[in-house]
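Each of the next two complexes has chain A plus one more chain, namely chain B in the first and chain C in the second.
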Partner chain A sequence: MIKEGKIGVQEAISLITITIAVKVCFTSPAYVAAITGPASWYMTLISAMTAMIGFTFLYHLLKLFPNKDLVQAFELSMGRVLGFVFTIILSVFLLLNTAVFVREFAEVLKVYVFPLTPLSFLIIFSMAAAAIACFIGLESIARAARLFAYMLLIGFISVILLAMPTYNYHYLFPFWGHGFDKTVLIGLVRSSFYGEVILIGIFAGSMQGISHIRKTGYISIAISGITTSLTLLTTIMAFNYATAQETTSRLYELTRIIQIGNFLQRLDPIFLFTWCIGSLLYLSIMTYCTLTTYSKAFRIQDSRPLIIPLLIIVFTLSMLPDNLVQVTDYVHFLRQYGWTIYFSLPAIALITAALRKKRGVQDGA
Partner chain B sequence: MVRKLLLLLLVIAIPLTAMTGCYDAEEVTEWAYVYSIGMDKGVTDKLRMTVQIPKAQATSAGGQAEGSGVDQKSNIETITIDCPSFYAGVNMLNSFVSKRINYTHTKFLVFSEELAREGIDIYLTAFLRGRQIRRQIYVIVSKGPSSEFLTQNQATLTTSLSRKQQYIMNQSDTTGFYENTTYGDMLNDLKSPYSQPIAVLGSVNYGNNLLPPDGNSEIPFKTVGDYYAGELARSGGSKVEFLGTAVFNGGKMVGELNGDETRVMMMIRDDFKRGFFTIPDPVSPEKAISLDVRKQKPPNIKIKFAEDKVRIDVKIFLEADILAVQSTIDYENKEKLPILENAFKELMKKQVDKTIKKCQDLNADVFEFGNIAAMSFNTVEEFEAYNWLGSFKDTEIHTQVDFSIRRTGTKIKNYENFSTKGKEGEK
Partner chain C sequence: MPGILDNIKSLFTYKPAAKQGFELLEGRHEGIDRENTPEAHNIKATEEDKETTPEAGSSKTMNDSSNKDNDKSASTKQKQNSKVSNELTYNLDKINKEFASSYNADIITRKFKICNRTDSFIANIDGMVDRTLISDFIIRPLMDSSNFNEYFNKSHLTSMVDYINDSVISVSELDKVMDYDIILSRILNGDTALFVDGCDACLMINTRGYEKRSIDKPIIENVVMGSQEGFTEHLRTNITLIRKIIKNKNLISEMLNIGDANHAFCAVLYLNGIANQEVVKEVKRRIKSINADFINGDGMLGQYIEDSPFSLFPQNLVTERPDRAASFLMDGKVIIIAEGTPFAEAVPITFYHLLQTSEDSMLRWQYGTFLRIIRVFGLLVSTLLPAMYVALVMFHQEMIPTELLASIARTKENVPFPTIVEILLLEISFELIREGGIRVPGVIGQTLGIIGALILGQAAVAAGLVSPILIIVVAVTGLGSFAIPNYPLGIGLRMIRFFFTLMAGIIGFYGISIALFLVACLTCNMKSFGVPFLSPVVPKSKANPDLILRQPIWRQDSRPDFLNVPNRKRQPKVSRGWTQQNNTEDDK
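Entry: the complex of A and B
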């Protein structure tokens, strides 16, 4: 049995925030620059607000079933069979996200840092780290996230501040990008970017009460919304909407153009460290949650024997795309339509529970 | 406990052994770090590429005391090759360069004027995909072949060429004779409708402009920046000089700005920091006054879109300290100081108007007026459809210069000179 343990609000916020925000280091910002132009920085705030509404469904669902996690809430609300279907859909979706993410991470790593290292080598070692994290358990992953959160935040703020001489605020205009209506629409659908907030539901049993879940959810979305918006804002100011959509990793490029005096330049190795830590935390928690949801769906008590097979599946899936172009297509598909899984499943479960008047047993009842 | 310990050891051992070497491991000594890349039109192939690579002893002797008598030229290998494209050239170089070519420390990307006038957009957009190419590389257009420019680009006053390259580009802040344009800046301008690209204008100067004395004592003085690169009358020092700006329309070079015009361009772009100016004394025009001019505050630029015409109002704010007054006129006096201020204002306004007119004739908005214009459009589609860069030549531009003299240096009064004829100023 993998040890779930208990985690506090700070650990959970660190974990969820890193999981959401680390994706901004990869190809997504270039894509949003192409579809929203200079408006991308506030488009993501619209996404964050939409995600908060999406999280509200999850929160109310978990509130209906106190001390239960999302998998149990699905079953209690929808019944055994539909609950099982919902859990499996979620598990498969998390699996796909993990596979696409590890491939995107390895591809970008290969483009910028390890051009000669085989892709499979990079993926295997990234997944090996995730496997070890899964063996150690949620509590350790969350503590690691809490430990690294300040380091990552300092690294991020340093990059943003040090790159200030390269900013040109005029590049934020035309202010409405490709049109306000388009920006809002894209903002709504790209709420999937914040969809990992659903992980709170998966490890809800390890959290200490519904108020902690509520705090974690809203604060995580708010912090990751601000950091994502700040990344998009600063990189648009550094590259303008035209070149920003060409850049594989905008944040990485931002660190490469930092030049303060003759000495302070070429800071990308420092950023690389924070980038990899964040990505490995993402992989760890996503693999862990994939494993947990799958095990809970099939009522498997000890999921440790599943870790290695799961990694093999993730590795195989991640190797399926032929090239980076295909990978970015998958990434953008997931960012565009992920909300249909992340937020719709809890919403359907909540509505069903309300219609069927299903409720959990309240504390002290 | 033992299992946990084993697991921990595994966690530490795997990355230590696997990630610290293997495929991408390269020793510093295995690389040939390219300091500069030059591009000319090829003769036997499409492109003539020149690279400057420091020899191993030169890089390792970087910490040696300056002026140690080492022949700097012999420490730099300048290689020229005809090749079909940049990256093909990199491979071709490695057929006779034993170390792997590395561009992560490249400082200069030099295009010959001939190539720049044909168009360099195909090279600019292609380079960036290579991870070693950084956006912070300075882009220079050389008058004459870039191969010759790089051959003459040697370290002076320092033992390190890369240090010299960085320091000389930093001089932009103290002279304003050239904008230290980077590859990233050029890409930003090339790929967007905000403004047109520019590059530093460079040239080899063999000292032929320094003419022998001809006995003529009535030589009028030129303003400090009334030169293009390669025109300075000088001898000694580095054989390459940077002065002026290459102006582009898209990827094609369409004109040049001299040092004075470059300063104006930088003032409007809010990139001008400081520079020494020499103007004729308003009271005694055969004598010169030198001013240490600085930006007072960012320029005020307003753009009004009317139905038939676009009007731009530009106001530049400058301030200065007096550096030198050749005459004995007491400009420290509060009645006379405005005379000097007005004279400079008038000269600057003429220079600003002339520069703007020149760029309008070149049909190149290098002043980044498009940045301000973009604020008047709601969407990218509207802005792109308006074609700001195309309509710039027809805009009506009104200029103003605000100028104040802040300090008069270490003198607060300019007293008369005396000779056997009495006071010089009374003559």
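Entry: the complex of A and C
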């Protein structure tokens, strides 16, 4: 088995927050600007609150089965066969998410930084880094996330503050966007943006108790919600919503327009570090969780030999879309319907466990 | 003339083939001289004997009963051989044989009569002992018959050896030993063995008196303020230097044997009641389990006991300063001092210890913090600056301000190489200068550094091999690496720098990000004696405000949490009692 180890609350919060929030650097905000207009910044807060409700199902499921992870909880509540089916669905969904993310990341890199570099070259490098991180194990990935969390936070806050001269508060109007009802509805559906919170369930065995899981889940969604909302708010203020929906990456565009005097005009490559490291953490943990769920479904003891084959599959899947437009379509499909997997599966398992009166055994009982 | 004639003659006459020169070939006996005493040559004989005994025991079940008897008798005989005999001639032969004294010039055996009556001899190694001590305080009192009046008057109430031990020899440290393994080992360490006819024990007398270097200034851990004493190569001196600082009865030093062939010792020092006993046990377990024939100094010992041998970061902190070793002991760490090098090793350590110096705590907290920030900056510069330059020039030119970009482009116009080749050339040259500067003795080394840095750089620019800005980049990188206080960490970072530069050359800032991510993951995975290498930052644990930013010394009231020490409190919350005292009371 890959070394799982133990991770603390701070490490888990850093990991989950980065995993959720790093997506804001890519194509989602532009799409959100198109469908909700200037209201996107509070739409995402509605999504975050919905995700908290979704996480509550997961939390209660894990509370029913103490010291068990999500895969074990599926099996205990629904039986071996249905549990297996749920685990495999989850694993495949994580795999698709990983593949789409890596392609989206590479596409955006190509658009802004490496226009002449082949996509496959960019993807292979990130895959190799993710493979090494997976070999090292969850504990190290989580610790690395904690180590980089401050750097990423400082980077993010710097961008927001340095771009201040470009903000125009009038761009926030019309305040209700395309209508409050529409904003709420989209907010509810796009709770999938925060769906990665389910990863807590996958590595619940490495967490130290249910209270840590609860803290990690809610705090991670809250921090990533605030971060995403701030990004959407500031980029709308900097570009207005009409322009914002045209840009590939709103946050990167924001870093481009920063100007500090005559000498420091283009600081965007500096912020590339925060982007890349966040994305590498996302890739590593998603690959790790895909691998863990798959291995647990098939009772595979040592999943290390599967890392390279899995990454080859991820690479192949990521190369399937023809262009960025197609990739963006996939991304929005996953953001739109991801909740059906992320939040529904734990909810169904919880209801089934309640109906079948299944419960785990407490330690020392 | 006769030589020429001989040469001409040899062209026409037969001559048997001349004997070939020395060649080291593989043979049946693998270098053992069969003609000379085989036991004396087998430097690991004692250990092999120890190893073969259990093997013989395990084979008992498989062999027949005759083999059992043979084994038993052999082991009994072996035991008898390893004990001191009553017969003096046997003991003398045994010593002569063990040390191959027929052709080993260093072993000295001196026969004499105690009180002009009893035969005896002493054995020691020439050069390892204090000759005056032996002649004045061992041989002279033994030959003086007046010292033995009481012994002969009371008609041998005790054995001769006990009497000598109690009443004759006036040396501070001596004891009775019967086991040859111990006797041989102690003779090799500079003790003198006294064998007396008719006694089945020998007296081991501490007569160590070999040459050793006096205490000197530390060479690689210089400080402006703070102690100027450094460790020496002598183990006992080093322990004394620490005891001089920590005058505490709980300071324990345990001696362990390392190196099967060179019979060296190492001391494990810790403070009872402060150090975590689990760590102490683990340190001793690792050291005791080492089965190597030659270990000389902490550098070698450290490599045997570290957790991640393939990591580029050191996991044991090597220091040549007794004051630093003492402060580690007070923190609850374990200090290992091996014979042979003027260093001590502290375990467990974290990455942040490698950026600290003993001077930090001697200076006021503001100065200490400032110096540490400079060091961290030096670390970042020495690791990332060349990589950043390569990434900027090759991939992200848009970030360079226009004026600077024009200047770089102008100077680079005449350079035929790509930036990555340029920087690698210069970096390797710089590493050569640095290595040459250390190896070349004394003043020439310093001169080489200056000549290398100035003239080579200038000439390279003039010849159009490198651009001038690159000289600045490499020079600043070098300066940054000089600011890293830990020598092994400095070397590790110099190596990692090449990895970063290559990644930057391949794919710019994205490559540097990947390299950073990988280095971070690998470093997060490291442990030093069970303590995560990046503690107390990841995983988060409580520690004094003394990591990079130092707070005033009176706020540093606890020992690090990651060490799980039994006594976490270093001082009370209010350590400056005078701040709580009423001034008016003092006035009265």
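Basically, the second predicted complex is superposed on the first by the 364 of 365 C-alpha atoms of A that agree within 3 Å, B and C clash if a C-alpha of one lies under 4 Å from a C-alpha of the other, contacts with A are read in each partner's own complex, and residues count from 1 in each chain.
FYI, contacts are C-beta pairs under 8 Å (C-beta built on N, C-alpha and C of every residue); 3 or more make two chains touch, one makes a residue touch a chain.
Note that the structure is predicted; figures quoted are calculated from it, not measured.
In the overlay built on the shared chain, the residue A:118 is in contact with chain B alone; chain C does not reach it. By the touch criterion stated above, A:175 is placed in contact with chain B alone, chain C being left untouched. Of the two partner chains placed around the shared chain by superposition, neither chain B nor chain C is touched by A:218.
In the superposition on chain A, no contact is made by A:167 with either chain B or chain C. In the superposition on chain A, A:265 makes contact with both chain B and chain C.
In the superposed model, A:253 lies in contact with chain B only, and not with chain C. Looking at the shared chain after the overlay, A:10 reaches chain C, while chain B stays out of its contact range.
Once chain A of one complex is fitted onto chain A of the other, the partner contacts of A:132 extend to both chain B and chain C. Taken together, the two complexes place residues 113-114, 117, 121, 125, 128-129, 132, 136, 262, 265 of chain A in contact with chain B and also with chain C.
Touching chain A in their complex are the following residues of chain B: 7, 10-11, 14-15, 18-19, 22-24, 128, 131, 134-136, 163, 166-167, 170, 184, 187-188, 191-192, 194, 368, 371-372, 374-375, 377-383.
Remark: chain C residues 391-392, 395-396, 398-399, 401, 507-514, 516-518, 520-522, 524-525, 532, 534, 537-540 touch chain A in the complex.
Against chain B, the residues of chain A that register as touching in their complex are 37-38, 111-118, 121, 125, 128-129, 132, 135-136, 166, 168, 170-171, 173-179, 239-243, 246, 253, 256-257, 259, 262, 265.
Chain A makes touch with chain C in their complex at residues 7-8, 10-11, 109, 113-114, 117, 121-122, 125-126, 128-129, 132-133, 136-137, 139-141, 143-144, 146-148, 262-270, 272-273, 275-277, 280-281, 284.
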